[in-house]
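Below is a structure I'd like to ask you about.
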């Protein structure tokens, strides 16, 4: 009934939300979900108190090949100069065709 | 003591609360709301003023201020790169911050003139908009070189012109201009009646934010502190001279000096983050928020006013 | 130019900012707050007015308006289904939106009467509440058929009566009625003093939202655009006739016409989403937010006022 | 009917909306904003008043109120532990809530005095701060025993003194004191003009929150209900006696009685959660929010005023 | 020390939060966590700008059998007419008995 | 390219955010991400309506050993007296060295 696909989760700066969304659309991901976040990483505390130091948390469900592409693209475009952390995991979804377009 | 405007106490209270690590915080949406109200109000005030004079009479002033907007970052850049030994991109980014302006500082300067009953040209809100944009373009060019193909100018212009700050200032200007002084009367309790109170809340949060920047000061050392104080002073002198030369009143000259002396901490950081991501945002924010903003709020504005008064006395102007 | 209320400029500024894809946005909690203040204020105004007259004298008007609330969606439904060729559920849902009312439109109509110094019956806030609910019930019945067992009416009534909008209007009405004009004086700076300013911010955000709907317009074609303009005009005529027949003033008649012409975009969409989920929400929101709301704000209200004036001239009323 | 302040109707409207499970809610950031404005305003009022008298003349009153702040939780504790059969930590926690004060209740008492034109000493805002803290320390000591090494006092003091509530009250006091009555004039439209309206919104949300607590009432039974009414009455008597003894006016005495009778629901719960986590927070919040707050708002304040008037009549004071 | 159970994550319209919570309570899940979200999927962009187009993100930790029931129930009740995406994954929890009631 | 590490997710009371962050820093986690949440568990509904009943959701990416330490530490310090639920899962990250410091 369910089928295994990839979930990519990205923590990054709120400042690049629109640029990132543009990138996602360009790659052709079937969808994404964004929530507001705060946190700490190698770049120090990002308390979310005001826009320049707020984070977002982005989730993308997609097929493995696209996930690989997505990760390498984001790595190439954003890793060097922006606060960004990404992880990938395996999840089961209904209607897998929805996420492999 | 009683001559200090209470909004300044709000700012210092914010710094204090931040320094002692209190949990005090203006909720994010409230801070955004308060900023939006300030921008709209400043725009409206400018627009109402514009409605009362033919636009073309302002063209000389507008051109001069626009030219200054391009020139100021060019002055700051070599100082940062050769004296400060910052990288090219960092120098460009900081130069863009100081070439542009701070709306919060402008609002405090306006409040200062009101509380001291000093006349100034209310259409100066227009200059806030005019000064906000050029420094960003110059900063990007300085970082990338003139022959850069890699800058996506349309994205940059989108970020700059359609960012919240410029939009609200321009929208306020347009509405004020279209409605005129009588027109806006029904909305004035919110936009004008509450102005100083809203500014007080804004400064409270600015104090809290400033306090979080103070920690980075130590890391970046003396040059940045010196730059964050001396550069505004120099720009203020240029601003005052330009104001006097343009025939502005003492109050208007003081505000132009303040605008030149102020450094952006909203529009420019956002634009630089997108356009010059290699530049270290902490560096420029530490300088503009941690040093220049409090300096201007607490000492700069009265100083620039004194400077303008002196200048007018020397020139025999009124 | 100067005769356009500045709040209308705020709306057009919002549309402009939305169309050029600016990042401008009222933060979510602020938009909710602004809406809540409007609803409370409108309720309070109505309640204060009610406190000054015996309730039973209004019974005829209340009954007539209530009956109209049930009748209006029944008029819109066949047009949508047979002329517009929409599915049964979509027709029912859109009919419910147009049979109900828009509080934002009402607020602008009230502001219009004030700015033109036109008298109107302030207790009309009561009609906003009365007109909000029946269309939803009729819409559900139209979608499901009369013999439906599958509608959870208790859930529907909960959604409708206990939704934020109706609650705040009723709460405001009750508090205004219990407190009377003197009682509310101490709270009037917030609720009445800031009303127009708050309305301006509300319309700014409505403009931004309207702009996002414009994109869907192309998808749904000409019929929806035509319906979103002609249906309100027809309903306005019915409203004006009813107002005159009930002996309302010209101002009151104009407002009743506006109410009839307005389409819900808050209470009804929420209720339909829960009760008639098969209906496409984009369809009804595109029409009510993307066409009817701006039409009423920009052109409708003055038109309905002219219509009422004409009607009174013909009837020899005052 | 018309003698009930509309803000009380807002509170009852909130309770009603909560009880019928309406979806009405003040957005979180708005509730926080409204609370912050109230705290700042109360602080400012107190500070302005302080600016007009030499500080040391208040030293006797401050000392007496401070002593009471330590004593009140000690009175409540044995009642809770031996009569109420609560655990030691729960007794300590509830005692801390009742020994401390509720700023919302204070604001309503102030509004009551204004609407009845009763004079009171405006510097009483100072007592709110003074009474907020000691009960927390006593509560922790009662829970842990005097010889406790396990309490991290620095964390406790940080939580208590640097919490939002105390910070804003102290900040307001300081700014009011530094600025004086003329100084704050420009910010008064926001802080003083809107005060009652803001208080109305605050009470609306408090009503909604109170309603959610009513459910827990049944679970905790009659003792808690009785305690939540009788303890405030006893503390009010002590407060009135102290007020009269200190030579306060009737209004000031009524407010001191109200402060003693009120129970904390913001600062103390937060501090207890961190310092005495074994205590059940539902227990103390049910009592303070579900019983004592509505009791004081709806019945207590007029009662404490009547009590103070009586006391002054007996003592022949004015 | 830890034990493997299921985590079901649901992205859906904020408008149905109360209805969904009612459903979860009816099925008898041991708990749930909700955050506000925005996103994009087959139904287009849901920017969260105003209530009618805001999303929520719901997480439910529960035993496998209940997770299956939950998924099929939500699918049946909501998939057709509402924006809804669901995925399931394996996670390790302490005190597994807490989630198998 | 990617490497497997642990993701620990914690649902708990907003009231202890600063205490929890202090604990995380003390243990030496490489970073964390926090979002606001509401929910229901054995301790009843926590609607987030006001601070005393709001939740947070904390995610920590770290090496397995640290994850174990983290879990046992939080369990010991907070489980008894606070609303807290934790789960752990396996995820793939780029630059694993970033999370094993």
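Of note:
Going in written order, the chains are labelled A, B, C, D, E and F, and every chain counts its residues from 1.
We take it that contacts are C-beta pairs under 8 Å (C-beta built on N, C-alpha and C of every residue); 3 or more make two chains touch, one makes a residue touch a chain.
Model, not experiment: these values are computed from the prediction.
Minimum number of contact steps separating chain B from chain E: 2. Identification of common neighbours of chain A and chain C yields B, E.
The greatest centre-to-centre gap from chain F, using C-alpha centroids, is found for C.
Ranking A-B and C-D by contacting C-beta pairs places C-D first.
Using CA-based centroids throughout, the chain positioned farthest away from chain B is E. Between the CA-based centres of chain D and chain E the separation comes to 40 Å, rounded to the whole angstrom. Chain A and chain E have Cα centroids separated by 20 Å.
For the pair chain D and chain F, the distance between mean C-alpha positions equals 35 Å. Shared interface positions of chain E, i.e. residues touching 2 or more other chains, are given as 35-36, 89.
Looking at chain B, one finds that residues 23, 25, 27-30, 189, 193-194 touch two or more other chains. Contact between chains, per the stated criterion, is found for A-B, A-E, A-F, B-C, B-D, C-D, C-E, D-F, E-F. Remark: chain A residues 9, 11, 35-42, 55, 57, 71, 75, 79, 85-89 touch chain F in the complex. Interface residues of chain E, counted against chain F in their complex, comprise 2, 5, 7, 21, 30-36, 61, 89-94, 98.
Chain contact summary for the complex, chain C toward chain B: residues 1-2, 4-7, 9-10, 13, 16-17, 20-30, 111, 114-115, 189, 193-194, 196-198, 200-201, 204.
Residues of chain D that touch chain F in their complex: 25, 28, 31, 155, 205, 208-209, 212, 266, 269-270, 273-274, 277-278, 281, 285. On the side of chain C, the complex with chain D involves touching residues 27-30, 32-33, 36, 158, 162-164, 167-168, 171, 174-175, 178-180, 182-184, 186-191, 193-194.
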